[in-house]
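Chain naming follows the written order as A, B, C and D, and within any one chain the residues start at number 1.
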Amino acid sequence: MQISKEQISNHNEQFFASHQNKLNFTFSEVENAEAIIQKIMQFSIAIPSWALGTGSTRFGRFPGGGEPRNLEEKIEDVGLLRALDKTSNAISLHIPWDTPTNPAEIKTLAAQHGLAFDAVNSNTFQDQADQKYSYKFGSLQNVNKAIRKQAVDHNIDVIKHGINLGSKSLTVWLSDGSCFPGQLNFKKAFENTLESLQEIYAALPDDWKLLVEYKAFEPNFYSMTIGDWGQSLLFANKLGKKAYTLVDLGHHLPNANIEQIVSLLMMEGKLGGFHFNDSKYGDDDLTVGSIKPYQLFLIFNELTQGIQANNPPFEKGSNFGWMIDASHNIKDPLEDLLQSVEAIQIAYAQSLLVDTIALENARENNDVAQAQEILQRAYRTDVRALVAEARLRTECALSPIQLFRNLKVRENLVNVRGSKTFATGL
Amino acid sequence: MQISKEQISNHNEQFFASHQNKLNFTFSEVENAEAIIQKIMQFSIAIPSWALGTGSTRFGRFPGGGEPRNLEEKIEDVGLLRALDKTSNAISLHIPWDTPTNPAEIKTLAAQHGLAFDAVNSNTFQDQADQKYSYKFGSLQNVNKAIRKQAVDHNIDVIKHGINLGSKSLTVWLSDGSCFPGQLNFKKAFENTLESLQEIYAALPDDWKLLVEYKAFEPNFYSMTIGDWGQSLLFANKLGKKAYTLVDLGHHLPNANIEQIVSLLMMEGKLGGFHFNDSKYGDDDLTVGSIKPYQLFLIFNELTQGIQANNPPFEKGSNFGWMIDASHNIKDPLEDLLQSVEAIQIAYAQSLLVDTIALENARENNDVAQAQEILQRAYRTDVRALVAEARLRTECALSPIQLFRNLKVRENLVNVRGSKTFATGL
Amino acid sequence: MQISKEQISNHNEQFFASHQNKLNFTFSEVENAEAIIQKIMQFSIAIPSWALGTGSTRFGRFPGGGEPRNLEEKIEDVGLLRALDKTSNAISLHIPWDTPTNPAEIKTLAAQHGLAFDAVNSNTFQDQADQKYSYKFGSLQNVNKAIRKQAVDHNIDVIKHGINLGSKSLTVWLSDGSCFPGQLNFKKAFENTLESLQEIYAALPDDWKLLVEYKAFEPNFYSMTIGDWGQSLLFANKLGKKAYTLVDLGHHLPNANIEQIVSLLMMEGKLGGFHFNDSKYGDDDLTVGSIKPYQLFLIFNELTQGIQANNPPFEKGSNFGWMIDASHNIKDPLEDLLQSVEAIQIAYAQSLLVDTIALENARENNDVAQAQEILQRAYRTDVRALVAEARLRTECALSPIQLFRNLKVRENLVNVRGSKTFATGL
Amino acid sequence: MQISKEQISNHNEQFFASHQNKLNFTFSEVENAEAIIQKIMQFSIAIPSWALGTGSTRFGRFPGGGEPRNLEEKIEDVGLLRALDKTSNAISLHIPWDTPTNPAEIKTLAAQHGLAFDAVNSNTFQDQADQKYSYKFGSLQNVNKAIRKQAVDHNIDVIKHGINLGSKSLTVWLSDGSCFPGQLNFKKAFENTLESLQEIYAALPDDWKLLVEYKAFEPNFYSMTIGDWGQSLLFANKLGKKAYTLVDLGHHLPNANIEQIVSLLMMEGKLGGFHFNDSKYGDDDLTVGSIKPYQLFLIFNELTQGIQANNPPFEKGSNFGWMIDASHNIKDPLEDLLQSVEAIQIAYAQSLLVDTIALENARENNDVAQAQEILQRAYRTDVRALVAEARLRTECALSPIQLFRNLKVRENLVNVRGSKTFATGL
């Protein structure tokens, strides 16, 4: 299914007057409104291939129907998103869930939808049917050299798939760790993991990045071998300049100050990527901005401030690295992604509203109340019209979810694909 | 020091055009704008007497100057707040920090400032110089009947002070608990506490409320004898219909869903009061809305929904029970309170924006994405003009903090009171 | 496979001298050693049918081989445990995972293994193939009366299965709750759940218990409709005297004081059951005593103290209610259960060692250091010889895991059942 | 007051037979019993000067009487501890709380008690009366260069005091951070702190260590500028080889795996020191081993394993760096320290019991259940007789707390010093 420009313009017509009223007001209030619209128009985010189906918890899965049955249909789904927002401009594949058997065709198909290929993701946290060794006790950390080699080889294979598609980075997320005290020699686990990562790094093209993701817990419940930003940074520094840390919002201990971590990683030149989602208790993988939207704004504020001196890391044409990583257990996955994208756009726009000169000035004067006023002034401003205008100018929907529902997109997908489909993923 | 109507109207004049532009737009967008303004105008919150000086942590205190040196100056300070926002309409006293030696005069003074007396607060978590027994091992829970009696008598004494001033409720917050496993027989501690509370309850006038506050930890670090809403509700139910649970936002274990607790307590008819603040790690006592403004909105959403069937519990003329309980370690206490009040007003206004019929409809249809859209539509709306208009109509400042600074209120207070004053409190 | 008495006595022979040396010393040190042995011999715990296979996380499952393929083999597995420890004397079934098609035969089989049937467990957190309505948006809380009825009917059906087998209690654990703010009307969700529970309660035989389990989060990640002990107790009180609260160690917010909850529930006469496991981060379902053994001891200390005035709730012949609820992702499930049982026995024995008179005396004198000394004196005492002696006297193994390995039990099970079996469960 | 050898030997006599019985049994069970006793005899730990008085929370302080009124009396107190356990062999001073006005005399006094001087501690988290600038908004991070210089100069001054007394390390714990979003430019705060630390480092003698302590939160409640081990290690690495990370058990986010952090820091050669205490919720500063004794054992297990390849860092004659950092709000401070020392000795002894060869073997075979068995076998062994024997052989008390009480040490101190004394500290 594809959404036509006519469908979009018909939809936009009915909201146009109302939108224009809001936009005019916003322009009268926000000095850099036009600049913000331009930034939003340039903004791009990757959609992971595994976010297009219904997610599950260990207690079960409640499928929703019309899920993509293969990589082609996943690309089609992201194409639908892109048609609605022009921000979901890339797809991030997961091997082996999305192994492209004919990369040239896949690449052409993606191009038809205007999509690039973001980071490729390896999987050594599950066993595959045809696999010689099990990852039950870890992969890159494994005490068994042969198992480590199998995992390294898989990662090298993933890089090759990525090269074929035009990806420029490999994300390594390891579930490696231990469930019980005593199970692991922490030092050896670290050293084995480092050795394995070095072998993968050696196979990385020069213009690629290796993104080392960390996670505090789950699925291992006593220790994780890459458990926090400090450990990830240790690995990245020991690996070399192509290695970076990847931050996933849900992968922290309770109450961690993620925006400070972001700032320090940028200071060290080692922030390589971001997985956006939201959570209340653990790695809940909820819709971006659904639980702690102010935290999201504060993180974007650090990003926006941090990139002023560097090349902008999250605009179109860059090496991407910015992805939504949520799991849609009870919402329509595409609607959930549309909500996530909008939450990110809003946080980004608000961060662009911050009067950074006044903020630095308040900081220099230890004017704490004023610093808070400056941030909250930006955060409390309604920027939805700016975000909508960016969509309008890129021939997208003023109200993506509403159009999605009006066009009965999901019903169409169910008709074509069936109601009992199953997308690969968690 | 007092702020004159002329000073306020001069201030408002310069912002008037800009305000009117925002207000007009908001009226064009928000159907019930006028009703929201009316609600905000009726809204009242109490300021605790101990929030007017610089707070401390166990590591130290950094005083700020111009702090109120006695109860009269505390009333003066709340009077300043009220002049700026007409929402800080009551003061909540803490005995013995604010024992009124001449209640009639104090009452007259408060009335001159337009202030009522909200809940009175007892203190059995510190030892006073003239006290016979120590509360080192608890007060109402103490294994020693004589110590319990001393604490009960103190509470009865606090009630008497409250009667003299026109208060209608007593808030009991106990630090009682234990620091080490084994220290306490939990059952006996509960039973002793219950017996003590029953004696206090017996001395309560018929038209008073007993507000039983709970806290998860600190200053006791192994157990708290009234540690969560479940325990508080047990006490309230065993005491009788004048006893209620009081919720302080900072008094929960990490990640607790406070809005659900609020909803259940309202369902049981036992939500008696609220202490507003914000926090990231524990009972941080930060400015309301400074860390998790969306959570604040969600809580107000439950309150607003819950009070539709009952008498509104937090409007002027009611029995108050709504208080800011923050500690201002590094901000000017009055500026901090102005920020807190505005954060509460904004959250309240946003909750009034929620389309409750559409929300219930979405819930009936398990339309989770739509339910989120409805809440976030309200939350993302900029309601600051409505809040400002409520101030304007009540002869208050369009921009309270700016006026506070322009009038050099703090400098004035320092001139009068000195820079090394010390307000009683933590 | 069955373990013969001869195999056990051969095994015990080699350890006997060493054991006797330890036992003699323990008797010389522990005054009530004989009484403790008796208590351990009377102690019984239930094994849940779903703990006999490899558990999984949402990231995958690493099967171990030789898993029971049906209810008969599950009973066989618990029979093996019982042969080794005479403490795993009951099995707790989960419907529909273990629906007994021929209850009479199942009952006979269990009796042959010396096993009783503990609480039966319903499942409304997953959809079954033949089910009319989905529980995607909850079961007993559902906005749809027909879905609630389906869930109620299932629970009544589970009671019937239980009656056939001789169970005396139904455990209701609900995953009901919400993943996103706005999704649920908390009050209606509570009321619907209450109504549903009342219908189940009405179908409960007079000599049965209804155990209402609570959980703080997962699989719902914003709210749980029975989320903490306060909510569970509200339900239990509204239901009536056959309803009790069930405590699962892993179902709390971080840092919760579970031993205090246990004490208060016993005070209220509403502690109905216990699910033992251990955890570091969330509901990790790790081996009992593997992370926080001192907490386990403190909980048992409350239990032991609490039951002195009542009938002992966890000894043989009682209504059981004490169960291990762990998930064995990376250990052999039977070895894990042997470790869990021993950890529980040790904690129980240590709690029986506490000098309760001296402890109460220290408490009456606020002698906090002494109270700690008394608890830690018991906890630091090595009671393994007493636990082993209880096994010896009941014709069980001095060293169960060692015997399990020496007899190559798992290898035997793999030979019979195959290495690719799959036990129903999570 | 001093405890005589005769008092000790009289005390020991009455317990001797019972002790000998336990010791004999332990020798019969524990192969390396004699080696463990030797290790315990060589073990040394520092007592911080601020732990000798009653601690406080922000809610108040309940003094206990007989507290040391000056540095001389603090040394006397640690001398008492050392007389009882020969493990509390050093004192760690805090400037300005314990500024030695006559270092030569202080040194002599300490030597008379057999005490060395461990790390000296600076204080830039409080303002002193004679101080030019306030640390309200931070010290080493401050935006004001003059304030940073004042803090740097203070640290250099502390080093000088330390040199006079024979200390070999400086511990820098900063409360620097922020309470509100926006307050701090994280990058600048880091860079300012680094610059300040570099200036301090430059003043450090060649044979000294700079110990960089981290803390997750409190007294700053939004961010801490040295907030976790990753940040501390960044600083230590940028500073040079005399700089190390110091771990305080209570300074972590909930559920952090501290033993893994310890292992990684040892791997990096950057573990410089340890502050022992225990906690349930935050930085509760409770008696060591009173809440999570198994965690303490696991940490010691990493230390014991980690130091096999290096020089033992925590034995007598080494550069110390091992300290108890607890706060004794409701226990007698000296009794609390005796309990803490014993808990540490027990954990250390148990770690020496671990069969490391078998453990590594189990790890190489992914025998998780066996690895747990090996650790818990050590942990469940009662090693108190070995610890007591180490005391006996060093002419100390078999039962320190009992002797402390029998000799009425506290009553004696109250008689000499009075019941309303106040020791400097928190």
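The criterion applied here is as follows: contacts are C-beta pairs under 8 Å (C-beta built on N, C-alpha and C of every residue); 3 or more make two chains touch, one makes a residue touch a chain.
Fair warning: this is a prediction, and the values are worked out from it, not measured in the lab.
For the pair chain B and chain C, chains touching both partners: A, D.
On a Cα centroid basis, the chain most remote from chain A in this structure is D. The chain pair with more C-beta contacts between its two chains, of A-C and A-D, is A-D. Between chain A and chain C the centroid-to-centroid distance comes to 40 Å (mean Cα coordinates, whole Å). Our note on geometry: chain A versus chain D, Cα centroid distance of 43 Å, whole angstroms. Residue positions of chain C touching 2 or more other chains, listed in rising order: 136-137, 179-181, 183, 216-217, 222, 254-255, 257, 280-281, 287, 290-291, 294, 330-331, 368, 372.
Partner chain B is touched in their complex by these residues of chain C: 136-137, 143, 178-188, 190-191, 216-217, 222-223, 227-231, 233-234, 253-257, 259-260, 263-264, 266-268, 294, 298, 302, 306, 359-360, 362-364, 366, 368, 371-372, 374-375.
Residue ranges of chain C in contact with chain A, taken from their complex: 56-60, 62, 125-127, 134-137, 175, 179-181, 183, 216-219, 221-222, 254, 279-282, 284, 286-287, 290-291, 329-331, 426. For chain B in complex with chain A, the residues that touch the partner chain are 21-22, 25, 28-29, 254-255, 257, 280-281, 287, 289-294, 330-332, 335-336, 339, 346, 368-369, 372-373, 376, 379-382, 384, 401.
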